[in-house]
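Right after this note come the structures.
Paired with chain B in one complex and with chain C in the other, chain A is shared by the two complexes that follow.
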Partner chain A sequence: MGALGASSFLSACASSASGPTTSNGSGAVTIQSNLSSPQAKAAMEKLIETFNAQGKGTASLNTIASETFRTQLPTYLTSANPPDLYTWYAGSVANDYASKNLLLDVSDVWKSLGDYPQSLRTLSTDASGKQIFVPMNNYWWGFFYRKSNFAKWGVQEPKTWTDFLALCETLKSKGIPPIGIGLGDTPWVASAWFDYLNIRINGAPFHRELLAGQQRFDDARVKAVFTRWREALPYFDPKGKAYPFQEATTALLAGKTGMFLIGTFFADAAPKDALGDLDFFRFPIIDPAVPLAEEAPTDGFFASAKTANPTGTRALLSYLSGVEAQEAYVKASSGIVLPANPRAKASDSPLVVKGKAMLNEAKELTQFFNRDSSDALQPTADTALTKFIDKPDQIDAILREWQAGAEKVFKG
Partner chain B sequence: MTATISTTSVIPTRRRRRSARLSPLLVAFVLVPFTVESIWVFWPALQGFWFSLTRWDGMSPPTFVGTDNYVELAGDATFRGALVNTVIWLVLFGGLSVLGGFGMALVLQKERRWVGFYRAALFTPVVFSLVVTALVWRVFYQPDGIADTLLRAVGLEHLIRPWLADPQTALYAVILPALWRQIGYVMVLFLAGLKAIDPALHEAARMDGANAWQRLRHVTIPQLKGVNAVVLSVIVIDSLRSFDIVWSLTKGGPYHSSELLSTYMYSTAFQSLRLGYASAIAVVIFVLALAVILGYLVRAFREEA
Partner chain C sequence: MNKLRTGAFHTGMILLSLLWLGPVLWVVVMSTRSFDDIAAHGVGSLPRSFTLDTYRQAWTDGGELRALINSMLVTVPSVALSLGLAAMAAFALSRFRIPGRRTILLLMLAGNLLPPQILLIPVAKFSELTGLYDTLWALIAVQVGFGLGFYTFVLHGFMRDLPGEIQEAATIDGAGTAQIFTRVMLPLTRPALAALGALSFTWIFNDLLWAITVLRTDDNMPVTPALLALQGQFVSSWNVIAAGTVIAAVPTVAVFLRFQRHFVSGLALGAVK
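Let's look at the complex of A and B:
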């Protein structure tokens, strides 16, 4: 019965290729949104309301829990009568769907986005040269800390890896676990360490090739990443293995850890009064010869190639990429995000100004492990990285297993 | 005498003839559920077998690869680990829930004061959704949580570890909440069985001078044969389909140390998007469940014959 139920569950997916009907012809444009946190959801609702009031078309919003959204997305896209528009990530995730001809060509929308930076245009372009993605905003990763705590401990932001290790040593001698992390339930947070060490040591191009399966995880260059990481391992908060990043955030804010490598979304879980006390520094430079790259995951929209209403969908996309909509979204959502439209004003908090400057300084932007590879490759990284943190001695075996796991994913 | 016999035998034959015509209502009652089952259960199950012979990412059409998936399963260390964990789960979760449930049923079978309260208390965890259960237990296991505080209070702080994040303890830390729930369920099944035993049997045994242990061994347990089959099927099925509690507590981690076949199947299907390979795992789970239950049924029938 267990297996019976399970296999029927699996094939329910297959048979639903002719399944859910969410769009209704050339009427309203349906948006499937994974922005389910209260503020983001409210922000989206407001945007759609404004769009409908403008009379250029009608749209209806479906907000779906993000884990359900993630697992159902392939089903939505392959169904015979799919929803029109989806919130999702730029980069290889979108390109994968584009290579299967599932995404709508939105080059028309991009014609009016001439002033968008080239980096975002490249990111939104698929292998055949057409645009398939419209970015809404991006955010950054960095080592976040409380200014008041750093002042209390008498320490400063480090610039280089040596400075960083010295800072860790100082904090440890004061009895503070220097590096916070949250791997229980959110093991993917460890991938930020891998991504950053790899782009600092081997550079962004190698990182992308590795994640696309053109390089091997058991390569000596990958091992070098872990040799560096091992230098910092003694400074990790041992409790970080057991709790999720939300609790690691609480620990950081309570001064129970010194700093935390995390994306700006963590601030959603932070109380308002703590926000003003937060600051961050960029992941320390290891090899000055490697062109500076930063992680800047880009969120936005793509549309189904099978949409019954391509005109309405493109109209909605044009509206969403406009200055007005982007500013409204940034204002309404609590998150620290940078609007994709260069003319849209980001929040003028010092934190956001600093984040924007850091990204502008970078020669290359990466997306994040799963976005530069695929959600399918992410679990192989989770396994390898949590195991490394527990058993750094077994690194050779871990990398061999990682390579074997990755090959299975690439093979399909 | 002969006349009466013939009249009584005439009536049943007439009745039989009438039922042989099959009332349309009866046909409908059989056919409608059967059609629904066929569409939603039998056909997808058969499809599952077919998918296990293919390579499929859920988007492109599946490609036939023969027994490749099964060959890969044979050499897959994660699969082997998950299989071992599933067996551990079956033995510990199944065994302890039978022992615990049976013990509780024995203790709580007599009508005493407060007994209803205790029964209800033990059954309460069954009412909670497993995901809610998982949330409660996560708080219990979290660093500096209730488990750690308790250990510190009794001077055992050297035992403290990240219960769900330590590969040595993760599996057992997940079995515990599953047991907490299952014992109440099994208890209710056994209570029903115990209630159905004719008190005269115990009375007679007592008259013959049997002590409590002998009555348990030679009266109660043999009388529970029917319930045992139900309990066994329930725990085997529940063990093999245990998924939600593991997924919500550890997702099979850290690094596959609490992976069960069910969680491995799910992550293979919906994270790695290897639906063909995941179907092969589903087929293995199906065969395992069938083997255990058929094995028991065959034995039970042989004993009866």
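Let's look at the complex of A and C:
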């Protein structure tokens, strides 16, 4: 036992001796990645391999469990010797770090991204007007359903809110819970309903102001959102409160619910043979006068302001935002994602074509509740929305509490 | 009447052990199901498929070999070092009239009563200051530091109850302090050391919190964070995670089986005066 301990001790010494000197001067650029699902991880590994083979610099990939990554990201960024590049979300979450001077100015990289849409450029720009984020891809949210089930039930995709409620009524009369949801463990899924109703009724600008603390949650306009939601509430699957969205996916695929408002990532939880049978429709229009907005969470990269190798980091970012890298990533990762580079081809499955067309039609894109506000505000929404689904009568009190909770978050 | 009681006892115990084994069995069964089976029927349903490919995926794609090596590189030295230091401290505190020895012991134990969560940021910052951040050394240092108080306390209680005459006899025979420690005290403390060794091995091997606090490179991660890394952002392959968990449980089970005898007798020895 003693001898074994001593020899392992020595080898521990040998293996960790190279540890602390990972990023000095012009050494390899380290990417801290939260893409830990096997397919996404493999896709990233392949990209880095290609980059290293090109000889413009070297990079090393560091994949961390996404949940660990989320909690440790502030520690990584504020450490004395931080990793160079990080996978993360665009929008106010990135701008938050930028306002603390933790992010590298990547305006240089953006000079070669002239053909990116203005919406992505605005999204990647911080309060002081410099770009701090490079988008990699985005995806969309919608009401997903099985084509074969809709055909069996003899129903069509609805366009307007009235159509939608009529569809729910039809499904309910056939004994199928019309709207699937999964709030156990994943209560944030309910925020999609809030986001969508708000951008359909009050528009995206109001939604952003609300999430930035410039409007109040106990406003009459916010209450109007919940008045609409109440019309659809009787059609929610009552079992949805108990299980997470992954199981809600299973329920949808088994025909135990009619449709499901969810992001495209849910398809990763679907068996391969069901993928071809999936289709979706856009969140129904409520007020045609409100400019059309869609949720399109954008993922990508930002870099640490303290990187020892800014040139190498920018070179890697330029590579990652290029057509070749983005197409390779879309192809290798199983998720249904759209490349950020407008010249990069997305997968040509009918689902992706439809999703891309829907986003192109939208006048405005929003990210998602937590990405448009902060991870700190998300729990206040989770509490308020789950309470509303349980006790819709108490909406006034719920909104007052939400406002009080939000004020605490905004005060910091 | 007696028969009835025995019967009731056995049924009760069978039910209790099923309750205990249920989750373990569930994980083992899940590890042999295919992803499509779980996706189509949910994690709780009965298995409709059988595959052992999940173990290959956990081993190669999940990088579990590297993670297990890291775990052993941390666990074995940590256990050896913390038990060695704790034994010395316990020897000194229990067999010599060191001024303030009670306070020292209580202070060491008090450190263990602090919830580790409040120390996460200080530990991360301190390991950065010392240049150990993101090395296995940092994890070993943390594990030794946090284990020491409790191990010393247990060993102190054990050594205090060893008859003083043995030590006196050794002194008369001309043994110095170091000799008494290595040749008299340590062999006598063996049951307690074995029990503590098995316990601390499990604790350190199964630790997650400190590993993700002081490490950030995936190649350095021990097996618990590596298992966590098998989870995707939204969707996880529960079958592969279950397979990885089964593999990761092997070392601790092996250690427990090996030290089982000591474990039971060691705990009892400290209890009765």
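By our rule, the second predicted complex is superposed on the first by the 387 of 412 C-alpha atoms of A that agree within 3 Å, B and C clash if a C-alpha of one lies under 4 Å from a C-alpha of the other, contacts with A are read in each partner's own complex, and residues count from 1 in each chain.
The criterion applied here is as follows: contacts are C-beta pairs under 8 Å (C-beta built on N, C-alpha and C of every residue); 3 or more make two chains touch, one makes a residue touch a chain.
Keep in mind it's a predicted model, so treat the numbers as computed, not measured.
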Task: Figure out whether A:220 sits in contact with chain B (first) or chain C (second), or with both, or with neither.
output: neither
Message: For A:357, using the defined touch cut-off, is the partner it touches chain B, chain C, both, or neither? Pick first, second, both or neither.
response: neither
- request: Classify the contacts of A:408 with the two partner chains as first (chain B alone), second (chain C alone), both, or neither.
  value: first
Query: Which partner does A:386 reach: the first (chain B), the second (chain C), both, or neither?
result: first
Query: Regarding the shared-chain residue A:66, is it in contact with chain B (first), chain C (second), both, or neither?
result: second
Message: Per the contact definition in the header, classify A:127: touching chain B only (first), chain C only (second), both, or neither.
response: neither
Message: Which partner chains sit in contact with A:75 here, chain B, chain C, both or neither? Use first/second/both/neither.
response: both
- request: Please write out, lowest number first, the residues of chain A touched by both chain B and chain C across the two complexes.
  value: 1-2, 4-6, 8, 11-13, 15, 75, 247
Complex contacts: residues of chain A adjacent to chain C: 1-2, 4-6, 8-9, 11-13, 15-16, 19-20, 22, 32, 34-38, 40, 42, 62-68, 72, 75-76, 79-81, 83, 246-247, 249-250, 253-254, 263, 265-266, 268-274
- request: Report the residues of chain B in contact with chain A in the complex, numbered from low to high.
  value: 40-41, 44-45, 47-49, 51, 55-60, 72, 77, 141-144, 162-167, 237, 240-241, 251, 253-256, 262, 265, 267, 269-275, 278-279, 282-289
Of chain A, residues touching chain B in the complex: 1-8, 10-15, 71, 74-75, 77-78, 100, 102, 183-185, 187, 238-239, 241-243, 247, 375-376, 378-379, 382-384, 386-387, 390, 401, 408-409, 412
Field: Touching residues (chain side chain C, partner chain A) in the complex
entry: 35-37, 39-43, 57, 61, 72-74, 76-77, 79-81, 121, 124, 128, 131-137, 140, 197, 212, 216-220, 225, 228-237, 240
